[in-house]
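Common to both upcoming complexes is chain A, partnered first by chain B, then by chain C.
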Partner chain A sequence: MSDPTKLLTEFQLDALKEIGNVGSGNAATALSQMVGKRVDMSVTKVLVLPIDGIAGFLGGNDRNVAAVHMPVYGELPCTALIFFPLDRIPELCSMLIGRNDEDPFALSELGRSAVKELGSILTGAYLSALFRFVHLQLIHGVPGLVVDMAQAVLDTVLVELEQRDEVAIVIETEFLENDRALTGSFFLLPEAGSLQKFFSAFTRAMGLPGNA
Partner chain B sequence: MPEGTKNVGIAEIRTAKDPEVLSAHGLGSCVVVILYDEVRRLGGIAHPMLPSSRNHSVGGNPGKYMDTAVEALLGSLRQEGSEPSTLRAKLAGGANMFATLAYQAVPIGMRNAAAAREALGKAGVPIVAEDVGGTQGRSLQFTLSDGRVEVRNLNKPGVTL
Partner chain C sequence: MAQKVMLVDDASFMRMMLKNILVGSGYEVVGEAENGAKAVEQYKSLKPDLVMMDIIMPEMGGIDAVREIMKVNPSAKILMCSSMGQQSLVVEAIQAGAKDFIVKPFQPSNVLDAVKKALG
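Up next, the complex of A and B:
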């Protein structure tokens, strides 16, 4: 396969960024309603990464994260993964449920629930935005939460779901509430063969010539 | 971590000798096999993903499957003068981290561990210590001067094998 980071043209990357923006807009609205405070979200990065580049992208192999994972069913089966830096989880829980005492290494049931819910909302928002563009039916399943080293989570995803394609779609988002800014990384890991379907649908939707 | 520590990533195999240090970061379901010859003070780590090469084409990478990875690691060590009878094995990894992803009746982590025991049993290498299973990821450091394996969970110190 040719260089996966060059799988998308500038134009297509811009379109993916637009999907990210629309998705974040939807998610921010939902979140604001959920927490009763204004939350803004902006997409800081959109890219396509080889899977073994993800740990490096997150800043080193041993970084601790709170990772929400869920299956995505439908025309582009994949796994959605959302990583939040573990040391910012207390702030995130404070933002979401108003609790200031969450221990990231021993989250309460409510804290875990809130983080999973956030992951689910984000995934749903991005998938809806994606649908508006490429008209692929996608539904996300039940979220799980793992608190661990980023590389261990990726290791497990790679092994447990061995039919992964070699690249992931990455959308990095910043959440802003008052003066608090937090970054979460959203990864879509398509099943083997699905990525090609995605790019074909994408190309068709953009009315572009190419590998449709 | 000491300068010059070499990491053994997924599907990799590495050998080293005193005073070198090997590491394996972010072990989830993977089980790593650590072999040590305490007389020659040399050894290696294999970091396969899956238990068995049966029904798969190995292609150019024996490191991907437990059976072929253990064989390849033993082969490399034999070239340095360490026969299986002089080696001792330690195992680490094999966690079941994603409880909601119940794809298999027996979690892949445990299957990797079973495959490690089988491959080492066949080769006649005794397993002298292990930190396997559980629900947490591990990172480890293998010091070739004395063969000790220091395991960490969530970047906090865990057991020493």
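Up next, the complex of A and C:
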């Protein structure tokens, strides 16, 4: 698996992008309901990235991020990770729980709970889109929250994924609220062997030609 | 007399949201639990008119908790409330004994409609 971008044909990537679009649409609706404001979205990017490229994708190893992570059980065992830019956390907390003084590095118990629940609900929105297109049963577990530099967050999460594929599926969307952007990056880190199973189910369900 | 509701969710944030919606409409929240096992124990002593139950929780999940509560009281009224709205989960919850299923996030009006219907 030297070049992860070669795992899918361009046509298959387009189809995966459509799943990403529907998932992001579900997520935008969920976010809008949670914050009580209109939320639009811009173009969704869907990528297959090597694990060691994730921190760079997020803006570098040292960039501070908030990540909600949770195990996903079922036909595609993996870890789901959703990253939020750290500087938007106080504002999200303000919208979710009405507190204006949350410090992202020292969130209150209620603030942590709100951010975890937001991650959990957005993950549910993406997994529902995957289920709708690929018909794989995917159920997520209890969420955790890590606030740290991007590479430290990944190290924390990866240590729990003992046997994994070396690539991640990424869906990145810019949610727009009142002309302000909130970038949400959703990652699936498959357990060893899951990714190939996913692509087979995906190819079958979408009626696409198989990989060469 | 206000009808008694028990809230079961591992997220204190979600319990707070539900509590605000319910109390604002005249319901009494008599108990809160953060996992299924605590919910079953509290159900026995609090005897609420309705339980609002999350599915994904540590220790004991919501569907197992529904099964346990139905053993205690086969006519218990339980409303599931989860971010996972996949059909198989909904069917499993209903088969376990839940009256209805709300997908998170929710509008207050949808919660109140479902609560009213379940208590019907």
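Basically, the second predicted complex is superposed on the first by the 202 of 212 C-alpha atoms of A that agree within 3 Å, B and C clash if a C-alpha of one lies under 4 Å from a C-alpha of the other, contacts with A are read in each partner's own complex, and residues count from 1 in each chain.
Rule of thumb we're sticking to: a residue touches a chain if its C-beta (ideal position, glycine included) is under 8 Å from a C-beta of that chain, and two chains touch if they have at least 3 such contacts.
All values derive from a computational prediction rather than experimental measurement.
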Combined model on chain A: chain C and chain B, fit or clash: fit
Partner chain(s) touched by A:Ile97 [first = chain B, second = chain C, both, neither]: second
Chain A-centred angle between chain C and chain B, computed on Cα centres after superposition, in steps of 10 °: 110
First, second, both or neither for A:His69, with chain B first and chain C second: first
Partner chain in contact with A:Ala30 - chain B first, chain C second, else both or neither: second
Contacts of A:Asp155 with chain B and chain C, given as first, second, both or neither: first
Which of chain B and chain C A:Val142 touches, first, second, both or neither: both
Touched partner set for A:Ser128, first chain B, second chain C, both or neither: second
First (chain B), second (chain C), both or neither touched by A:Ser120: second
Which of chain B and chain C A:Ser108 touches, first, second, both or neither: neither
Gap in Å between nearest CA atoms once chain C and chain B share a frame through chain A: 9
Common ground on chain A, meaning residues reached by chain C in one complex and by chain B in the other: 142
Parts of chain C lying in touch with chain A, wherever the complex brings them together: 10-14, 16, 56-58, 82-86, 88-89, 104-107
Residue ranges of chain A touching chain C (in the complex, touch as defined): 30, 33-34, 96-97, 109-110, 113-114, 116-117, 120-121, 123-125, 127-128, 131, 137-142
Residues of chain B touching chain A in the complex: 7, 9-10, 25-30, 49-50, 95, 97-101, 103, 108, 136-139, 154-155
Complex contacts: residues of chain A adjacent to chain B: 52, 55, 61-62, 64, 69, 71, 105, 142, 144, 146-162
